[in-house]
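Got some structures for you, see below.
Same chain, two partners: chain A is paired with chain B first, then with chain C.
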Partner chain A sequence: MKRYKWAVPTLYIFFLMLPIYWLLNMSFKTTNEILGSFTLWPQKFTFENYITIFTDPVWYSGYINSLSYVMFNTAISVTVALPAAYAFSRYRFMGDKHLFFWLLTNRMAPPAVFALPFFQLYSAVNLFDTYIAVALAHALFNVPLAVWILEGFMSGVPKELDETAFVDGYSFPRFFLKIFIPAILAGIGVAAFFTFMFSWVELLLAKTLTAVDAKPIAAVMTRTASSSGYELGLLAAAGSLTIIPGAVVIYFVRNYIAKGFALGRV
Partner chain B sequence: MSPSASGRIPTDLTLEGGAFNLLLGTTLSGKTTLLHMMAGLDRPTGGEIWFNGKNVTGVSAQKRNVSMVHQQFINFPNFNVFENIASPLRVARQSRAEIDRKVGEVAELLQLTQLLSRNPQELSGGQQQRTALARALVKDSDLVLLDEPLANLDFKLREELRDELPKIFETRGCIVVYATSEPAEALLLGGHTATLHEGCVTQFGKTAEIYRRPHDLLSARVLSDPPINTAKIRKTGNRFILNENVSWPVSRALKAMADASYTVGIRPHHISTSSTTDAVMVVGKVLITELSGSESTIHFEVDGRTWVSQSSGIHAFEVGTEANFYIDVARCLFFDDQDKLVTV
Partner chain C sequence: MSQKIAHPKAWLFVLPVVLLVAFNAIIPLMTVVNYSVQETFGNNLFFWEGVRWFQDVLRSERYQASLMRQLTFTGIILLIEIPLGVAIALSMPRKGPWVSVCLVLMALPLLIPWNVVGAMWNIFSLPDIGLLGRTLNGLGFDYDYTQGPLAAWFTVILMDVWHWTSLVVLLAYAGLSSIPQPYYHAAKIDGASTWAIIRYIELPKMKRVLAIAILLRFMDSFMIYTEPFVLTGGGPGNTTTFLSIDLVKVALGQFDLGPAAAMSLIYFLIILLLSWLFYTLIMRNEQQ
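After this line comes the complex of A and B, so read on.
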């Protein structure tokens, strides 16, 4: 029995990596090879698909659009959540506990519910088909999440740190920027990662609120597939590239992710 | 300095520079709240705080020249030791040369010179607390607030710093307020003590004075560890009567006391397990014996009350047996029906 201990994790990792391998595998094949035969690795290895994506503005603008609203959303979510989380972690005010809990209700409804009101609203204020519209829409569920994560990390910093700084003569803004933010930097990283990921994988609102100019990459993928037949190799290459931003971001906060999943409370 | 909350919580207190001022009380007795109000971090719900003839009740912490050290080791995690100590000076925009000189001096005093480039996380608890103390000292504050600064340190370091602290502050003109929950620590540090109980200052005066002559039973209780033993006692004529078996003659000094019911307070180390002259014997049922090296602490029951005897030497008693204890009656304190100390 002991001799086969390695078998379970090996199988697990094998099945885990299989779809990702298959996606990469397809991205280096020609569409003919994908449709024509079943091959475990590319017979005719090609970079054609990637070259198309990086040279055709229809394709790469999709990435630029997606990254714009995702990064803008991450920035506003964390910036707005910082003072809110500080208030929840440090002050007692009327209804604070209730408000803190009900922040999460925004995450209880499927985002699709908000698609229609958002479409109307952003059309009315001329924000439709801009990355700002998508970023603001995603803030709806990302701000509460960031507040919860940051509140957890902030409550881990003793209140006496604040008091010491004030007694030492620090004004509140100076204390917040110079001492408090560095003290919870890991938490900010984790909050940024989660908001980044949720915004990156969200498709429905992003598609509904954009048409041409701010079309996200996922929307580009579906439309290209229908217009010029099945360009499966191209789609696979585009799909492979969508994994990269998440992987890059997760690398920086890899040591704090577990604490992040517990919303900063460990 | 006199924070006085009008009405409900009497905390009139006037502190003066030079000596150590101690706030002594159990957890939740209001020590930290009082310190916060002195620092300007909390506003009193009533009453006023005056400093050097100025009303500073609503003045924020930033505008008062105070410094504070907490029980937890609080240092700024992203600054090294030098920057931690220098931080109040940087905020006050002092010149670089001045900062270097002052930080060097204080670091020397607290033996941190070797550690100036380290981060607080790389220091031991004692070194972290020294850094916090250095930051409190470097600023030349008018008021230094120490909130149980030694409570989280291990025994050895605590003793070391406890010796150093009064010396460090001796030459500075600032008012030092030191909160502690340990009567023994208060007695070791000396100076003046304010005993606190449930948010009230029960007594303020020289520490040794409060120990010898507490104004009332509460103050006696706060400044006594283990807790002071109490019992109801009657004075009739020339005798104090504790119960039908135990009574003793009234000493000449207390002759003037009226015949009435009193509460007698006897400190644990005034009850011995061995007979001495003038001592009065009581018989008690042994409940717990704690033997610590050279000292015996014995909890026993007399008339349904638990008493504690503390005496040097090892005295092992079987739990549950009856034993003889000897009260040094000359050192007893008597409190009237208002719990005030009887003075004649």
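After this line comes the complex of A and C, so read on.
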């Protein structure tokens, strides 16, 4: 039985790759081929769908908008979560446990519940249809997540590190930036990975909070799918391109993913 | 962990997080509460309605049906994804170059935008030009997810298994990698069987991460919206209309603010209650 153990993950990965392969397959086909026949690989290989996306501003600005709010969200989530996670891991203060649980409840909030009030709130503060609105809205579930992960990593760092530094005469900000942050760099990487991930994949809030200027790529895709009929090739190409940022990010944190889950109590 | 210093100024460290999350959580939640007890006919005119919307929603067959569908869906995917994820994690290599390859490839579905997941499965399952649909029909099944409720459920569940089993695998694998080598040596010396190692060493060590996996999968599957919406649009009929899809229909589609708000609050309370139950169970287990 042991000799065939590798078959389980192999079959699973094969299953995972099938729909992705089918998407790529479609993206290199012409519309005629897609609708006219059933082929396992493109008979007339074409880059036309990708060329359309890279030359039409409606399409490529969708990618730029998505990446803007995702990166802005990752930056603010991790930045505000750092001191908070430090306080939760090192200090005892009034209401700390309740506060921690309250933060986590926001990770449980269904975006569908918040869609309409968010629309009104961000319209009221004149941020509707900007990437800032989406980035701030995604902070609702990403900040608690970042605090949770970072707190786990920080609790793994021995307290003696802080105490020695203070004895050596470091001020708090200098200690935090020069000694503490380098010590939990892996944790920051893992937290950034998860905040990036959840902001990148979310669509309901991103779509509700944007109209024209800040439209995310996912929303451009749904519009195309419904308005211009059966442009499956174009849709497949756009979908394939959305896989790339995720793949790049996974590649960079591949050695930390498993560790991050264990330490960070995700 | 036990000797934390009491430090009243620690609140200053937490303040940015509290302000940011409160802005996003409390103001919208109050808006929802406000709508849930009032009736409006537009023009910003509101009338007090008390608990009428809550009574309506709790009595409505439509809401009960969506809730039942949601519970069935969450139950099925938990029953499939948790054992499958553990089985895959157990059979993964523990070291060597293949570990990274496996982890990167398995994590891939987690990072695909949810609407792309829906669109991808839409294309993959089309009865005439999709690989899955074509194959199933070729094998003699009458498969069309836009027509048959059973086919629609099958596709939505298969899609969720494809999308999220990797999360369980990653968590379970993290739990396994934290088992020290000496445990295995000791088991070998005692002549323990493979099953005994799984039962008495590996499963207990995975208990905590598995609890987290169940909690995360429960919460996220209970909020599922985009993937089934893109794939089936909640159809055929209403057969795959889960809670979030129903809620968005009422709130943004029909703009029935009162019922939508009451429905939102009940929905959120159900998730909170069940998650709190899980959370306390996990914490109690950890303390033992």
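By our rule, the second predicted complex is superposed on the first by the 251 of 266 C-alpha atoms of A that agree within 3 Å, B and C clash if a C-alpha of one lies under 4 Å from a C-alpha of the other, contacts with A are read in each partner's own complex, and residues count from 1 in each chain.
The criterion applied here is as follows: a contact is a pair of C-beta atoms (placed from the backbone, for glycine too) under 8 Å apart; a residue touches a chain by one contact, two chains touch by 3 or more.
As the structure is a computational prediction, the values presented were derived from the model and not from experiment.
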Combined model on chain A where chain B meets chain C, clash or fit: fit
Which superposed partner A:140 touches (first chain B, second chain C, both, neither): second
Partner chain in contact with A:8 - chain B first, chain C second, else both or neither: second
Contacts of A:179 with chain B and chain C, given as first, second, both or neither: first
Touched partner set for A:221, first chain B, second chain C, both or neither: second
Touched partner set for A:166, first chain B, second chain C, both or neither: first
Contacts of A:212 with chain B and chain C, given as first, second, both or neither: neither
Most chain A residues touched (candidates chain B, chain C): C
Which superposed partner A:236 touches (first chain B, second chain C, both, neither): second
Vertex chain A angle, Cα centres of chain C and chain B, expressed to the nearest 10 degrees: 90
Least Cα gap, in Å, left between chain B and chain C after the two complexes are fitted on chain A: 9
Touching both chain C and chain B, counted on chain A across the two superposed complexes: none
Chain C - residues contacting chain A, complex: 1, 3-8, 10-11, 13-14, 16-18, 20-21, 23-25, 27-29, 31-32, 87-88, 91-93, 100, 102-116, 119-121, 123-124, 128-132, 134, 162, 165-166, 169-171, 173-175, 177-178, 194, 209, 212, 216, 219, 222-223, 225-226, 230, 243-245, 247-248, 251-252, 257, 260, 264, 267-268, 271-272, 275, 279
Residues of chain B defined as touching chain A within the complex: 36, 39, 41, 60-62, 66-68, 70, 72, 74, 76-78, 87-88, 91-92, 132, 135, 139, 145
Chain C-touching residues of chain A, taken from the complex the two chains share: 1-2, 5-6, 8-9, 12-13, 15-20, 22-23, 26, 34-35, 38, 40, 76, 80-81, 83-84, 86-88, 90-94, 96, 99, 101, 103-118, 120-121, 136-137, 139-140, 143-144, 147, 155, 159, 197, 200-204, 208, 217-218, 221-222, 225, 232, 235-236, 239, 242-243, 245-247, 249-251, 254-255, 257-262, 265-266
Complex interface listing, chain A residues touching chain B: 158, 160-161, 163-171, 174, 179, 182-183
